[in-house]
Amino acid sequence: MSGDTLVLDLVLAGLLVFLAWRLLTLSDLFKATVLFIVFGVLLSLAWVRLNAPDVALAEAAIGAGVTGALVLDALRRLDARGPADEAQPLRLNLPRLVGALLVMGLGAFLLWSVLSLPPGWRGLSSETAAAMPRSGVVNPVTASLLNFRGYDTLLEIAVLMLAVLGVWTLNAEPMPPAEPAGPILDVLVKALLPPMVVVAGYLLWAGGHAPGGAFQGAAVLAAGGILLHLARPFNVANRGVVRLVIGFGFAVFLLVGLTLATLGGRFLELPERHAGILILMIETAAMISIALTFVVLFVGNARDNAGRDTS
Amino acid sequence: MTQESWMEGTLAAPLLGAVLALIAGRSAASAIGILTALVGSAASIGLAFAVSRGGSFRYAVGGWGAPLGIDLRVDALAAVMLAMTGVVGLCISVYAVGYFRGKEAEAASSRTNTGPAWLFWPMWLMLWGGMNALYLSGDLFNIYVALEVVGISGIGLIALAGGSAIAAALRYLLLGLAGSLLYIVGVELLYAGYATLDLEQLRQRIDAQPSTWLAAALMTAGLLAKSALFPLHFWLPPAHGHALAPVSAALSALVVKTGFYLLVRLWLDVFAALGTEHVTTFLGALGAAAVLWGGVQALQQERLKMMVAYSTVAQIGYLFMLFPLASMSGSLTGALLLAVSHAMSKAALFMCAGSVLAVYGHDRIQSLQGFGALMPMTAAAFALSSISLIGLPPSGGFAGKWMLLSAALAGGAWWWAAIIVLGGLLTAAYLLRVLAFAFLEPVVASSTRAPRAMELTSLILAGMAIAMNFALLPLHDLLHAGGAR
Amino acid sequence: MTPPIIYASAGAAVLCLGLFGFLAARHVLRRILALNVMGSGVFMMLVALAARTDPPDPIPHALVLTGIVVAVCVTALALALLTRMCRDEGSALLPEDRDIE
Amino acid sequence: MTDPWIPLVAVGLPFLTGIVIFMLDDRQVALRSLLNLFGAFAKLVLVGVMLWGVVNGRDYGVRLAIAPGLDVALHVDALALLFITLSAVLWALTTVYAIGYLENAAHRSRFFGFFSLSIFATTGIALAGNLFTLFVFYEILTLVTYPLVVHRGTQKALAAGRVYLCYTLAGGAVLLLAVAWLHALAGPRDFVAGGYLREFGTDHQFTLILLFGFLIAGFGVKAALFPLHGWLPVAMVAPAPVSALLHAVAVVKAGAFAIIRVVYDVFGVEFAQSLGVLGPLALLAAFTILYGSFRALTEDELKKRLAYSTVSQVSYIILGVAVLGPLSTIGALVHLVNQGLLKITLFLTAGNLAETLGVHHVHEMDGVGRRMPLTMTAFTVGALGMIGVPPIAGFVTKFYLGSGAAQAGQWWVIVVLVASSLLNACYFLPILYRAWFQPQSAPWPNEKREGFDAKAVLLVPVLFSAALAVGAGIFANAPFGPLEWAKLISSREFGYGP
């Protein structure tokens, strides 16, 4: 371990802690949100330093990107009504002091636990390595997401679907873009959209052997959709075709799992020979659904407030 | 059918139903919902029979096996919770059909429509699927994902009611999210120590490291917040009290049991080797406090649904008294029976509240004169479920409490026994206060009737809570055959 | 001092800051931010602890990916709830926090 | 050979009758009445069969396991038969009376449904083969009598119901604790003559004394032992048939019966004596006897006076149980029957007065004997029996109680008996004097009927029960009469005849 990288790590870690502190204490929520996005970007650097490029991509695209966009958008809606001003700097009072002490105690205990972990820990890296040839892909993270622990991912896609249902339930009204979309944005969208679709497709395909995969690809696709929405506002109402696309990824994943179970295997047991193609299929379906999910989460379901959804 | 296929059916039916209901949309959602409920409950009951005959088993999803893959474990404890979810879930589904039909008629007469109300079906089925996944899971991280499925669908369902339910849902979400994160910290500490997420493997490898204790503490804190045990109960009454009736029934009867179930798994199984006497006593003491505090609060409520919601706070407390008594024979049977009959009677009570709301247009307890004469079936359901909740014989609540009481007294722990008895009296006080109004003469002759399906389902559920009096022996046999520990 | 320990410690600190922010803040948007920060801390610890071996254990990476996606879903739902609450009640604070100060 | 069916049918029949009646519409009077009468008389036949069978050495019993080591057991023994016969006969009378009394009242299906369930619970209490079963049916009795107490649906009735529940549920909670504790201590045991706790010898003495106290407190609520009697006078707002049910057929009797079971078949008299718990119990009973009589003296409302009289009279049973000896045991057991016969007569006549003339208070009763001669004759029989005038049934009781006390050397008991009889005379004789020897002083408060006396359907049960009360006194020694049974039970408990 060279001294330079150690300094880099120390600075990066310190910066992360500092940003976290600042964004929680700034009274201006807009600035706090911007810091949150910066925090996310720096965090993805940390993931790279920790040899977790898949996580880094996801953090940049989803953790910082989608979340940041969502928070900024929500802030804009709050601002339009005023409650954003209700944010107050945190004054230390007795309950907060007690809370702070408790949390510090927790931190100390956490540090002690981390430091006292037994050395020589190998995790599951050797088990993973041994199982990789049968997984149908080369990237161990993808193998884990779609094969070893594919069941987790199935339920995770259910969570995405549920978030859309929740947003629809709430009739969250969309905000028109702050300013009428200028020609620049229009041009930008036209120029950016095709390559974004290509990048998404690449990420999906690359997930098999390199960092990337359905979630990262979906985030890129969704970013395209959101840009498009900013340029030419549209809405994704609770309509039949939208619901079909939203449910598509989950349905495909579940049906693949069930079919395999009825063919004599276990639930979600991908046969070695077809694992690669099955994973690609599931990922494609999932990516389309997830991309639309992110767009819906951002856009809401526009003119559905009176319940005029068509179904 | 094999044990495995019963299990696959139990797991997949609600998930599949949910996505189909979503895609099919408003017109077909309720039909799909009922069909799914029938299949799902049949599968879960079949699974319970299969476990009682063939014993417990493990199921490696994806065929990889722990620690790399995710193992499900299907034992008696899981089978009981699944069957409970199946039976009560079916009744809630039937009730919901009547409930939303009533809402539609109401909306039609005022020339509006019910908006996104049909989203109840995909969210409810997903909630059901999430609970089933959680009960089956043998993997710490998979449990987290299942918890999130349960949590988010529950929040969406609460939000269906609009109005003050929104803030309640938001509070629930924030607390639930914090709880999940604490749970994850625990999971990662355990993984960092033992390189496995599987409950069974953890149980074998566990030792008293500082990180293990911290993990246990954080996971417990997170789960306590989710299961609304005193003093982390404050989010529950507004959330359950403001939701739509079938939603309240599902949350109060079923969802609160998930946290309890996981804590039983953790403290009576995985962490048992840590020497957990103080922890179990602590959990029991919180339970006792919940029984008393929830009871006193329920006594002071003016709205029926809020009262029933506070009653849930108290009844959760009873379940937690299992922990200090767990070493006594019969206590697990008793606590499980208590959980099951609470699910039935609490669902029935919320259904009654929904029916009352449909007829009276409000649920202020002081103005419910004569609901016995206006809606005799609902009054009967209310009375029967009260009997079980109070723990009067004959009822599942009584049989469960009897077992806990016997366990406490056999262990010489008379203070737990005293709390159990005292809690019963408190329960009687707040439930019978409402029930007395049934016997007054009605002040206004209301012409609206609650849909028959609603009244009948609540009565059936309440009847089942009473019949659970005779479930101790089969439950005992099932636990014996399915090796709950 | 190895990178895993540095980042795990920083993760613990970020986690604690987030938790404190969640407990102390009243504006719901800040609470949501705080929980996201806390989540980031949790994931930092998880990945850092996985990096104690070389090559790093890929399973925690998959777990964190799942966690990030779940977190964004919950955040989206929370923001939708918050917006709706503001629309109906004109405040971005939970009812119990409104009358203080 | 143990026959399970007869006890099952005896318990199940009133239950099913009740459930069916609930489902009837309020207007299906004929069908409902038919069902009621069928239930009541089928019960009588069943009891007859059991009596005949037990005399001929048959054994009736059934048990159903609820959990490992926890059974619901029904078993027919002599004590059970004594109680079940009493309740079956009185129930039949009350049912006939209630059908007439509640003509045209509201919510009759509800009323008769719970009425039937009350007898279901009472049968269960009578036939209970162990403490657990007894407790279960005892609690059911609480639940199914509550709707009867609040039946009128007025605020006053609701208040009475609240008081009733406060007392009984609190008692039930203490009982639950005690029964579960005893179960944990002694394991699953059936009732057995002479008790099963003496095996403990001197072990757990403190716990056992405590448990005895708990059990008496729990059962004493329904038996209206001082200071747990408060609900009984309040509950008289209920319709007359309900009062009859509470005072004579089911509730109060169930409490007394359960105390008999606890003392005789759980602890055993001799073991209880060695624990030193019988003396305090006797004192408590004696105090209750005198207290109830004193309170009855000053009550102007007829049903309240009768209610305090019950408080006093039921404690005769407890007193007989608590005074060690076969003769006083016989007195206690016979009084279980006699008090029921006399009290039902009194409450039903009070109902007749209220229903026909609107008379509720003693001061309104001037000259009522001439207006309703048959009703008042029955009342007179009941009153004299309570005082203990021979040859009416009450005399037999007091004779045996007195002899028993003398046998046990507890002379103070005789003093209590004499004092109580004097007090009984003091609160009953003025009523009789007003009714028979005073001219009518004011118009009847609310005269609903012009013709002779009361409606026939109300009159017949009253006269019948009065006749039974006289018969039980005159033919006290008839074979298989109450006295014979009492002697039989006593001889089993003490292992020798009197």
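For clarity, chains are labelled A, B, C and D in written order, and residue numbers in each chain start from 1.
Here, contacts are C-beta pairs under 8 Å (C-beta built on N, C-alpha and C of every residue); 3 or more make two chains touch, one makes a residue touch a chain.
Please read these numbers as outputs of a predicted model, since none were measured by experiment.
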{"item": "Set of chains whose contacts include both subunit D and subunit A", "value": "B"}
{"item": "Pair of chains joined by more contacts [C-beta pairs], A-C or A-B", "value": "A-C"}
{"item": "Closest chain to global C-alpha mean, per-chain Cα centroids", "value": "B"}
{"item": "Averaged-CA centre spacing for the pair subunit B and subunit A, given as whole angstrom", "value": "31"}
{"item": "Between subunit C and subunit A, distance of the C-alpha-averaged centres to the nearest whole Å", "value": "13"}
{"item": "Subunit B-subunit C separation of Cα centroids, rounded to whole Å", "value": "28"}
{"item": "Where subunit B and subunit D are represented by their mean Cα positions, the distance between them in whole Å", "value": "43"}
{"item": "Residue list for subunit B, restricted to those that touch at least two other chains", "value": "68, 141, 145, 148, 152, 155-156, 159, 166, 185, 191-192, 195"}
{"item": "Multi-partner residues of subunit C (at least 2 other chains)", "value": "15, 19, 32, 45, 49-50, 52, 57, 59-60, 63, 66, 70, 73-74, 77, 81-82, 84"}
{"item": "Touching pairs among all chains present in the structure", "value": "A-B, A-C, B-C, B-D"}
{"item": "Touch list for subunit A against partner subunit B, complex", "value": "109-110, 112-114, 116-118, 121-124, 127-128, 131, 147-152, 155-156, 158-159, 161-163, 165-166, 168-171, 238, 240, 243-244, 246-247, 250-251, 254-255, 257-258, 261, 265-270, 304, 306-307, 309, 311"}
{"item": "In the complex with subunit A, residue positions of subunit B that touch it", "value": "4, 8, 11-12, 15-16, 18-20, 22-23, 25-27, 59-64, 67-70, 112-116, 118-119, 122-123, 126, 129-130, 133, 141-142, 145-146, 148-149, 152-153, 155-156, 159-160, 166, 185, 189, 191-193, 195-196, 209-211, 214-215"}
{"item": "Residues of subunit D defined as touching subunit B within the complex", "value": "64-68, 70, 107, 110, 135-136, 139-140, 142-143, 147, 150-151, 153, 155, 157-158, 161-162, 165, 169-170, 172-174, 176-177, 180-181, 183-185"}
{"item": "Partner subunit D, residues of subunit B touching it in the complex", "value": "330, 333, 370, 372-373, 376, 387, 392-394, 399, 402-403, 405-406, 409-410, 414, 417-418, 421-422, 424-425, 428, 432, 436, 439-441, 469-470, 472-473, 476"}
{"item": "Complex contacts: residues of subunit C adjacent to subunit A", "value": "1-10, 12-21, 23-27, 29-30, 32-34, 36-37, 40-41, 43-45, 47-53, 55-66, 68-77, 79-84, 86-87, 90-93, 101"}
